[in-house]
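What follows is chain A paired twice: with chain B in the first complex and chain C in the second.
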Partner chain A sequence: MNDTGIGARVRRKEDHRFITGKGQYTDDINLPKQTYAYFVRSPHAHATIKSINTAKAKKIPGVVGIFTGEDVAKDKLGGLICGWMIHSKDGSPMKAGPHPVLAQGKVRYVGDHVALVVAETKEIAKAAAAAVQVSYGVLPHVVDVADAMKSKAQIHEVAPDNRVFNWSIGDEAATDAAFRNAAHVTKIDLVNNRLIPNAMEPRAAIGSYDTGSENYTLYTTSQNPHVARLVISAFHGLAPEHKLRVIAPDVGGGFGSKIFIYAEEVACVWASKHIGGRPIKWTAERSESFLADAHGRDHVTHAELATDASGKIVGMKVHTKAAMGAYLSTFASCVPTYLYATLLSGQYNIPAIYAEVDAIYTNTAPVDAYRGAGRPEATYVVERIVETAARELKIDPAEFRRRNFVTSFPHQTPVIMCYDAGDYPAALDKALEIADYKNFGERKSASARKGKLRGIGFSAYIEACGIAPSAAIGSLGAGVGLWESAEVRVNPVGTVEILTGSHSHGQGHETTFAQLVSDRLGVDINNVSIVHGDTDKVQFGMGTYGSRSGAVGMTAISKALDKIEAKAKRVAAAVMEAAVDDVEFKNGSFTVKGTDKKMAFGEVALSAYVAHKFNSAEIEPGLKESAFHDPSNFVFPAGVHICEVEVDADTGVTTVANYVAVDDFGNIINPMIVEGQVHGGIVQGIGQALAEGCVYDKESGQLMTGSYMDYQMPRAADVPSFKLDFTCTPCPSNPLGMKGCGEAGAIASPAAVMNAVTDALGLRDVPMPATPQVVWKAMQPMKKAAE
Partner chain B sequence: MENFNYVRPAKVADAVKAMKKAKDGKYLAGGHTLLPTLKQGLAAPTDIVDLSGLKNAGVKVGAKSVTIGAGTTHAEVAGSKDLRKAIPGLAKLAGGIGDPHVRHRGTIGGSLANNDPAADYPAAALGLGATIHTSDRKIPAEKYFTGMFSTALKGSEIVTAVEFPVPKKSGYAKFPNPASLYAMVGVFVAQLADGSVRVAVTGAGPGVFRAPELEAALAKNFSAKALDGIAVKAKGLNSDMHASAEYRAHLITVMAKRAVEAAK
Partner chain C sequence: MPAISMKVNGQAVCGEVEGRTLLVEFLRDKLGLTGTHVGCDTSQCGACVVHVDGKAVKSCTALAIACADADVVTIEGLAKNGKLHPMQEAFREHHGLQCGFCTPGMIMAAVDMVKRLGKKLDEDTIRHELEGNICRCTGYHNIVAAVKAGAASM
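== the complex of A and B ==
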């Protein structure tokens, strides 16, 4: 390992730019003759649009244009799509209602996009938006997924009972048989609370149309600019791909919410043509982010776990109602199905699993992937019910898990996934030791002496990421392949540019990708630059989400580096007048076996471009290679998290007293960045467990948690200093042996925290978020019983 | 945000005159409530009279009372060494308002004139039996707070200073709203020089109020133990998604105990 190679704790190259305020985010970019957009949004959860009168608003000086659903329809601009087809149990396709870029005839949630106002300044656009008169006919609405199938609110014509699909996975008959023969059945009802993503940078876009070249350009806060271009081109029909450039410059966090193709961004780039090509900038206000970013989670689940007399799990049944919100967002349908139910086996040997999922429309913001996407929901079900079963069977929860762990690989679960490698007992042992599990009783007593209730909770999670093998997901309904591409350009002076289809919005690719190059080519990381986020520069890419940039994106880079090395060897052989097979490349130098001939990597690069010393009929000049990598399997990070909480019985306040995470991410490029990813993920999970909960008012359908006054984000002071460690079983399906680390913390932690809270209170069920009031209320029956 | 006329007078009389002249004027102190409401378009005054030109900041600690100028920031109040000795509960309260940014900008006069039901200062003013000095008169706290965002201040009247009696002991305990961190329940307890006990509660109701049942118990025995089993009625308290009236009522007793334990 060189000091900036694989495994080194290199400081993030991009951070100086970010922390000195020199990042270039979409809102930092200003184009000549730029105008500003503001959206008229629905104040109602569900209503018909009777009329829209823009006359008064158009008269306001400085208004450049006002666009409504009628204009969108006139232009035949296609609607937003959901790119993953799910079929119901009965074989019928999912019921996708129309999702026009600007509402046509109906609005379906508070914040739904009704009209686009374009003006010389943002202030004028906002004032004019307020002057647009929309006459609504209010309809019945429903915001709770549990009630939506029985509601008289019908959100889309295609789905009379608001159900998008009724999907199933696993063998129902085999599972029923397992339950009939079981010694014990544990049942649990869980709500996976709806979350609002809250990326630090709100969504933003600048759309422009060049009247000369007839090219469109969209600057946008995207995790996957090529996918945005593909969808805007192929489905919205705005322009063919070669006439549309999408640029995602620095992006300040996404957590999934910036994967999707949203109406606002499309509207800006579309409308530019209608105002003579002037660029249109839109930057979401924070309130708009709350209202109109795709939310996460929102599941209501009933689960049952069957065990035999020896405490072995024999079967599991799960039924989940998953909210989709008012429209199907870009990847909404795959989240509660193939990213969720395929993980219901957890780390356990479960012979029979059957799960059924109802995806349901509600009059709320669309729900889609949010850090972990389906896998946090699966882990929450598995780890809460496993913990509850252990308690019911009076088996130590660590021991119960150990008894049921998968221990041989590959392991085919009953729900599609084939786990390739892992060592679950090793992570458990390490976590138990770091958490000092054996002395927990003493700590509990010490807390009791202070009047505090202490509890401990486990989460032995597994996830599938590094998404995804294209053929496999294609067979499951995906509309795209999820390979990745990379290009390596070696300059004549030996510096290297990596063009990648991955997109960094906080992950640190400029550092980790450079470390890979430094390791392979022996080049200083400061001589490596990472280019991403521009469809005119990068050949293609599927973007960053599903913890795929390491396992898939870096593997593509690695494959291109293989080609670079092979080509460079041929050049070096020619220059040094040796046979290619005799040339060796190590630590940045080419040598010829059995001689003292030697060329540095930079010299070979220069030779490749000068092209004087080889026959260019045999070797093409230049040193540039590209590769596409399609993974052969998902990767399966797993680990054990142990959380200890202290509950103040007087107030209901829960404090996370201790948090241990032992993760197996396979080989790690930069441990410091990985630890940062785990920290962030755990904090988001603690946020879900103890603080964050999106609330829509049942009566009015209004978003009650529409600002930080009411939506509680976790703060630095709310979390302890985490104790992290790793185990390593290298991933067999990629040459770097890497798994994925971006989502693991958020996947594992809610269950660990809630298992600790329920342990502290001695209660079976406490809902998330376990805010002080929720905990206090949960404790009231206990207190009454004690009195 | 709409346009407005802006003045920054140096004298109280000039500020009052400017306000009288304005069609729909607003005084600006720290601006922590006014500026967000302007930005959100929830308020559109014709005139802003900025009181920072009055330069009436300062904490004067006497033997029997402490007088704090209306323009004194929360950070200055919290940082006053003399105040920390004289009325530690008040200094602690000021040090726990908002965050450092807020504390270096927000003022005691602004907070009391606004009388947000979740503000901290009203608990200290009522809990200590303070006197509010204005451009026209002196108003006892008892009569000053008249309900949610409502005070005895008339038209162009300006708070100029607040006079607090020096108690034997005082303490403040706050249970913050988990999201906004405003007081969901804040309880100020004071044992005054004459031995009488006052307990004032902020955040829990539509405005600051005294808790007679807690005062009675503490008057007999100024200790946390004295509050065991004493329940505050939930009726009339605020109820929202963060805390029901019952939970707030429960927290009032808990916070009162903690305030007594912290009282110095």
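== the complex of A and C ==
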């Protein structure tokens, strides 16, 4: 390993600009003659639009243009799409209602986009938006997924009972048989609380149209600018792809919420043409982020787990109602299906599983992928019911898990996934050791002496990421392939530019990708630059989400580097007058076997461009290669997290007293960055478990948690420092042996925390978020019984 | 519109502002100092923290006109003569940032914390003092480590 190669804790190359205030986020960019956008949004959860009167607003000095659904319809601008087709178990396709860029005839949630106001300043745009008069006819609404199928509110004509699909996976008959023969059945009802993603940078966009070249340009806070360009081109029909450039510059966090193609950015780039090509800038206020970013989770689940007399799991049944919100967002339909139910086997050998999922419209913001996307929901079901079963069977929860772990690979689960490698007992052993499990009793007694209730909880999670073999997901309904592309450009002086379709919005690709190049080519890490986030520079890419940029994105780079090495060897062989097979490349130098002939990588690069010393009929000049990598399987990170909490019996305040995470991410490029990903994920999960909960008022349909005053984000004092360690079973399906690390923390931690809280309180279930109020209420029956 | 002048990062600046113009708007829109960020609209997130006359202030909550004649330091003014401030260095060394959006506010708040409380800061103090700064990426673990190390080296 060189000191900037694979496995080194290299300090991040991108940090200098961020710590000096020189990052370039979308809102930091200003274009000549720029105008400002503000959106008129629905104040109602569900209503018809009777009329929109813009006359008064248009008279306000400084207003440049006001656009409504009528203008969108007149231009035949296509609606927002959901890119994954799910079929119900009766074979019928999902019921996707229309989702126009600006509302047409109806609004379906508080915050729905009704009109776009463009003005010379933000302040004028906002004042004019307030002056747009919209007459609404209020309709019945429903905000709770549990109630929505029986509600009077009919959100889309295509779905009379608000059900988008009724999907199933697994063998129902085999699972029923397993339950009939079971010695014990554990049943649990769970709510996976709705979350609001809250990347710290609010979404923003600048759309412009060049009247000369007739090209559109969109700067946007996107995790996947190429997919945005594809959708805006192919489905909205704004312009063909070669006439549309999408740039995602520095992006301040995504967590899934910036994968999707939203109405606001499409509206800004579309409307620019209508105001003579002047750029239109929109930056969300945080209140708009709460209202109109795609939310996450929001599942209501009943699950049952069957065990035999020896404490072995023999079957599992799950029924989930998954909220979709008022419209199907870009990838909404795959989250509670193929990203969820395919992980219901957890780390366990479960012979029979059957799951059914009802996806349901509600009058709320759309729900889509949020850090983990389906896998945190699956882990929550599996790890809560496994813990509950262990308690019912009076088996130590660590022992119960160990008894049921998958131990031989490859392992085909009953729900599609084929786990390729892992060592689950190794992670458990390590986690038990670090958490000092054997002395937990002493710590519990010590807490009790202080009047605190102490509990311990496990989460032995598995997830599938690095999504995914394109043909496989295509057969399951995906509208796109999920490969990744890379281009390696070696300059004549031997410096290297990597163009990648992955996008970094905090993950540190500028460092880790450069480490791979440094490792492979022996080039100084400072002589490598990473180019991403601009459709005019990078040919294509699928972007960053689902922990795929290491396993898929870096593998594409690795493949392109293979080609660079092969080409450079041919050049070196020609220059050194040797046979190609005799040329070896090691530590940045080309040598000829059995001689002292040697060329540095930079010298070979220069020779490739100067092209004096080889026959260019046989070897093309230059040193530039590209590759597309389509993975052959998902990757399967797994691990064991152990959480200890202390609950104050008087106030209901829960404190995370100790948190241990042992993860298997296969080979790791930069442990410092991976640890940072785990820390962040764990805190998002602790946030879900103890603090964050999106609340819509049943009566009014209004969002009650619409600011940081009402929606509790985890802050520094709410969480502890963490104890992390790793195990390593290299991933067999990519040459780097990598698995994904970006979501693991958020996938594992809610179950670990809630298993600890329920252990502390001696209760079967406490709902998330287990705020002091919720915990205090949950404890009252116990207290009464004790009196 | 009234004209105001102030010192920003050691340089005299002036500009016209509306009465409602916020300090952060003056810094970002009039002076082009876009290192100071806006992450919320309720003065909760702390991405906009700058120093006004030596004290940490959320610049989304101060009117520009109220800062007339003040001495303002933003993240862009922290490094001196091309040398990073020890707190900036500590954030890099300890991987105290990921997406970088909350980072300027975090660093400005941390420098202020050291000025008020001294160079020896324990973990509890740091966590409590960061109450007004939200980070979504790091889980705070490495921010706390960075602030502790940065304080010690200031």
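Brief remarks follow.
Please note the rule applied: the second predicted complex is superposed on the first by the 787 of 787 C-alpha atoms of A that agree within 3 Å, B and C clash if a C-alpha of one lies under 4 Å from a C-alpha of the other, contacts with A are read in each partner's own complex, and residues count from 1 in each chain.
Quick note on the criterion: contacts are C-beta pairs under 8 Å (C-beta built on N, C-alpha and C of every residue); 3 or more make two chains touch, one makes a residue touch a chain.
What you are looking at is a predicted structure, and each value in this text was computed from that prediction instead of being measured.
Once the two structures are overlaid, the count of chain A residues touched is higher for C than for its counterpart among chain B and chain C. By the document's definition of touching, of the two partners only chain C reaches A:Tyr25; chain B does not. Legend: residue contacts after superposition of the two complexes on their common chain; A:Ala173 is shown touching neither chain B nor chain C.
When the two complexes are overlaid on their common chain A, residue A:Met709 makes contact with chain B and with chain C alike. When the two complexes are overlaid on their common chain A, residue A:Ala785 makes contact with neither chain B nor chain C. The residues of chain A shared by its contacts with chain B and with chain C are 123, 708-709. Those residues of chain C whose C-beta lies close enough to touch chain A in the complex are 18, 20, 28, 33-42, 44-45, 47, 74-76, 78-79, 84, 88, 91-93, 95, 97-104, 107, 123-124, 126-128, 130-131, 133-145. Of all the residues in chain A, the ones that touch chain C in their complex are 11-12, 14-25, 27-28, 123, 198-202, 250-253, 255, 283, 285-287, 505-508, 672-673, 675-676, 679-684, 707-709, 713-717, 719, 721-722, 745.
On the chain A side of its complex with chain B, the touching residues are 123, 650-652, 691, 695, 704-705, 708-712, 771-773, 776-777. Interface residues of chain B facing chain A in the complex, by the touch rule stated above, are 1, 175, 178-180, 241-244, 247, 250-251, 254.
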